[in-house]
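Notes to accompany the following structure.
All chains are identified by letter, namely A, B, C and D, in their written order; residue positions are counted from 1 within each chain.
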């Protein structure tokens, strides 16, 4: 569940009749000249595309002239923003701002409903506004089965101060945002700022769109977007392809566990015993031999000091986990200490397999955790 | 509201995961050779694309070999089927039939609900089956707000005799048909026959898809299909573009009226008085000057013996109608008899305009109808 | 008495600031219809012919407690406006607009039924209680107060029948245009029952068309003895070519019952007088009266 | 007594012929769960481990009048199966499947509420009443009959806690895995109330995680005095990096309340014992018992 690039979100906006400024992806000097001609202006916005916020404050969004655009773009391409290099730059027509609004439609997981958030104090500091002036953020809850229709948003539009044609424009934009959220299985559609231009139009100056990762199987157009690949590091992607959730941390012990809760509790426990997790690989419920083997392969390539395998099988079967461990240790040359804890569904069979291959398996988590910390600390 | 070509319907089927045989539009000899290679077979179906039924009986669907295909296609291209020449031919992979079914999902206008019709006696004579064995046509009504889900169609699938994997395939196909009908504003999605192949798959061998003409404004992909242009004759299209409904009949008097009921009653009345309608142009509720003028222009190009304008204004305003008549008669050289009946909203103003320009307007329909028949018959 | 509409019925016009909405609001006001509000989002606070305009049905209802709403809004926006009206608590909803998608109408109809709202239309001329009030676009000057109830699927053809009765000195209790769309709100049977209950109505005129099965349902109701007042019918389309069938499914569901001939046959069998030309209706009513 | 599940609860397995469905049906049968039917469309008439299979929930319910259903079906098909179960009249629905789209779950939850169905999951291990019956995948051999009610958002971590209690000689009344998805059926407050009412339950253990607000709602309930039995909590993720916020909207709606620290703080304030490591729970219960 990771956000889309701004330009990807805006392409979806266009398909759903949500007005956006004219734009074009940078693609060499000619694209700047062409775009300037297209919009008939000498100035344009240059917007670095990134999967993290704070672009404005980082100087990654800037108004430039046709003549200075190329130089500016070259200065931001490759710049690291929140750990990732800028690879894509969007050129956009500048809009003349009369007023900035904030508008979001989200699937609120607390209530299981759609929730609209809106404010006439849009702009970068909306979270601050929300804290300082909570009454200036309007909320509108809608049932998950809602069929969004413009009339539902007239009241809200009036609260935000929209009048005349802008009132119906606003209601239609919000209708389209919600329709898009429903049809594309989105968790969030956020526009900040939504701009009222000096010539009386309403237009989405930014886009933040977050799809539901669980629904990508039925949203092939979203699943194939570049952002959905770029959200992962190389390692995360390799793991994700195998159905493993990889989380990078900064300690010394690599963890393979199944289930998010147990994975996190394992990390907590290592810390409690005086060590720290280097990363964890959650092989999930229903992990099979292949997944476990792949997880060990990924771990074996990391600069870690020990491996802790902590599996409590429910839907996962311990014999399959054991087979995975044996398979991986035969394929890979693992020289660092490894402690295995294995219990749950089919555990007798699993432990048998391990012992036949010379491995010991703990039945309880805490002694096992203590042991791997000892081994790692002793090896220092 | 006119059906799509089979190939257009099948393209929509593919988008909605309803299985169809491999196919390709004929496009010269090479396309035959390429398609034979693609399906790895020496035989293929050649299916003329038409907007009327009865293609099978007319010899417009035939299995041919790669060597005879070209000759056969040339023999059917341009052939007239229900008044229109065949322009498009589809090549399709032959399927090995185990059993033929009939399956349709329609928006039933009687009940305002979706209605599924299904039979295990599919094939060309389904209407005959429906009359002879009404119990072998299964019906399933679903509310207009239904969210189609596979489980809803398991019962129906069992009644049709589907078992094992074919039962879930059937339920999924019907789910997809209804989803397609809802999302694309279709009045009808009909598959006849739906085929169970000898290797255990279910596949749509034909498609009959009818969109709701009123909803085309929000279905741009349907509105732009070739069938939606080809459903009209040149004249009908010219009229439709101007918002006029043109109906071709075979009598001697051309009619301009507003509203379907009044148009039909006018036809009936001409027949009653011993003449007959050549065609009628229903300029609809809210006809304006331009529409009326255009309607007269269309009529003036027809080989007719008289013109009867019969307008009772409700939402239509008589002064606008009068202006349209004046505008048209000034532009066109109309030499045949014309009788005008004009009453309703703003009628005083309309009659005044007509009289100023030397036209008489009747207030009642029957004397006016009698008059035009007299004029036409007298002129014989 | 009349049906559906009397001199106390308070009416809101949705789309009052539009070309048609504004024009026909004036016409309705001229006919003494109690137009209490108009609704056009973004134009709240204005007035149209002295009628206050609100941004939403909710506001309009809070201020006026109206009974009925009439929609003069382009087809793409009718669905939202109709659901808005129903949710705001209106009791009678009349949709004049032509070209509303069938699915939209079917959903509006379902919602109206759920909430106990009477729906008329879409694609209809509305209704008029001569000399009292009108909602919609039926020209007032062709009507005359009297005891004939008229219910029609057609728009302009209704006017024709009304005018013919009026010219023959026969007045009307209420004239209801059901609308010409395949899915619509009230149908013949609903209005026939209302006329049967209405003391003012002594005769009932049905104006039908080819297609659909509303006339057959009415024939069944009448044949079953549920309507005791004399009924007269005119069915347009006797010479019309058969309409396009909607696939085999359409043929199976609708059968051959849609022709004018078939409709006239079942109505006659139910004891309804069926007219060959419109004026036959007036003649038949006069004959009945002189009996 | 226990909660939700006793030895009379009749259970249907949806997806009984699949890999997981078949395997865990055997496990449940081994634990004496009353599995009365399985459902897999197209496999009606077969049996799985002696359990009759039906093509639909409707048929299965007609034949067995079951109380509960458990879903072992791939995520894309869960929505249809869940709605089918609810419409067929089931009273307790447990969804084991991971990866169900959030919108689907929210709609299932709404439908379940409308029809008075108790929903557990998705992405959950199910529930077990030790020594009596189990629905789902919690390993039976780690449990022990007793008086501690366990409610958990986690799967495998629940097993951890159960095992630790059992090894320490502390038995359980019922263990309920709520599931780890952001939208889910039962939440902490619902199950806390059930344990409060249940005579067999003397202690309540909550197993939480970072994210969401279920633990805070539970803290409020407990702080308000609605739960009189002692409550013990373990919250996983004390060392986890903060999760990605869902835009400004997520930050505005959820605030800072999702961290383990914050959850532990509000629980402690409400009088809940919060454990640093899992075994602290068993120690605390023992201390309480010896008091």
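Assume contacts are C-beta pairs under 8 Å (C-beta built on N, C-alpha and C of every residue); 3 or more make two chains touch, one makes a residue touch a chain.
Since we're looking at a predicted model, the values are computed, not measured.
Novice: To reach subunit B from subunit A by way of touching chains, what is the minimum number of steps?
Specialist: 2
Novice: In terms of touching chains, how many steps apart are subunit B and subunit D, taking the shortest path?
Specialist: So the least number of steps between the two chains is 1.
Novice: Farthest chain from subunit B, comparing Cα centres?
Specialist: Relative to subunit B, the chain whose C-alpha centre sits farthest away is D.
Novice: Count the C-beta contact pairs for A-C and for B-C, then tell me which is higher.
Specialist: B-C
Novice: Suppose each chain is reduced to the average of its Cα coordinates; what separation in Å results between subunit C and subunit D?
Specialist: 56
Novice: I'd like to verify one number: the distance from the centre of subunit A to the centre of subunit D, where each centre is the average of its C-alpha atoms, in whole angstrom.
Specialist: Here the centre of subunit D sits 27 Å away from the centre of subunit A.
Novice: Could you draw the chains as nodes, link the ones that touch, and say if you get a line, ring, star, complete or other?
Specialist: Contact map by chain: ring.
Novice: Applying that definition of touch, give me each pair of chains that meets it.
Specialist: Touching chain pairs, listed by label, are A-C, A-D, B-C, B-D.
Novice: In their shared complex, at which residues does subunit D touch subunit A?
Specialist: By the definition above, subunit D touches subunit A via 20, 23-24, 27, 75-76, 96, 98-107, 109-110, 123, 125, 137-139, 142, 152-160, 163-164, 167, 180, 182-183, 207, 209-210, 212-213, 234, 236-241, 244, 246-254, 276-279.
Novice: Could you please specify the touching residues of subunit A with respect to subunit C in the complex?
Specialist: So the residues of subunit A touching subunit C come out as 149-151, 154-155, 158, 162-168, 171.
Novice: Show which residues of subunit B lie in contact with subunit C when the two form their complex.
Specialist: Interface residues on the subunit B side: 1-3, 102, 104, 106-110, 112-113, 115, 117, 126-127, 130, 137, 143-145, 182, 185, 187-188, 190, 192, 208, 210, 212, 214-215, 217-218, 247, 249, 257-262, 264-265, 267-269, 271-272, 276-277, 284-286, 311-317, 343-345, 364-366.
Novice: Touching residues of subunit D toward subunit B in the complex: what are they?
Specialist: Result: residues 41-44, 55-58, 77, 79-81, 83-84 of subunit D touch subunit B.
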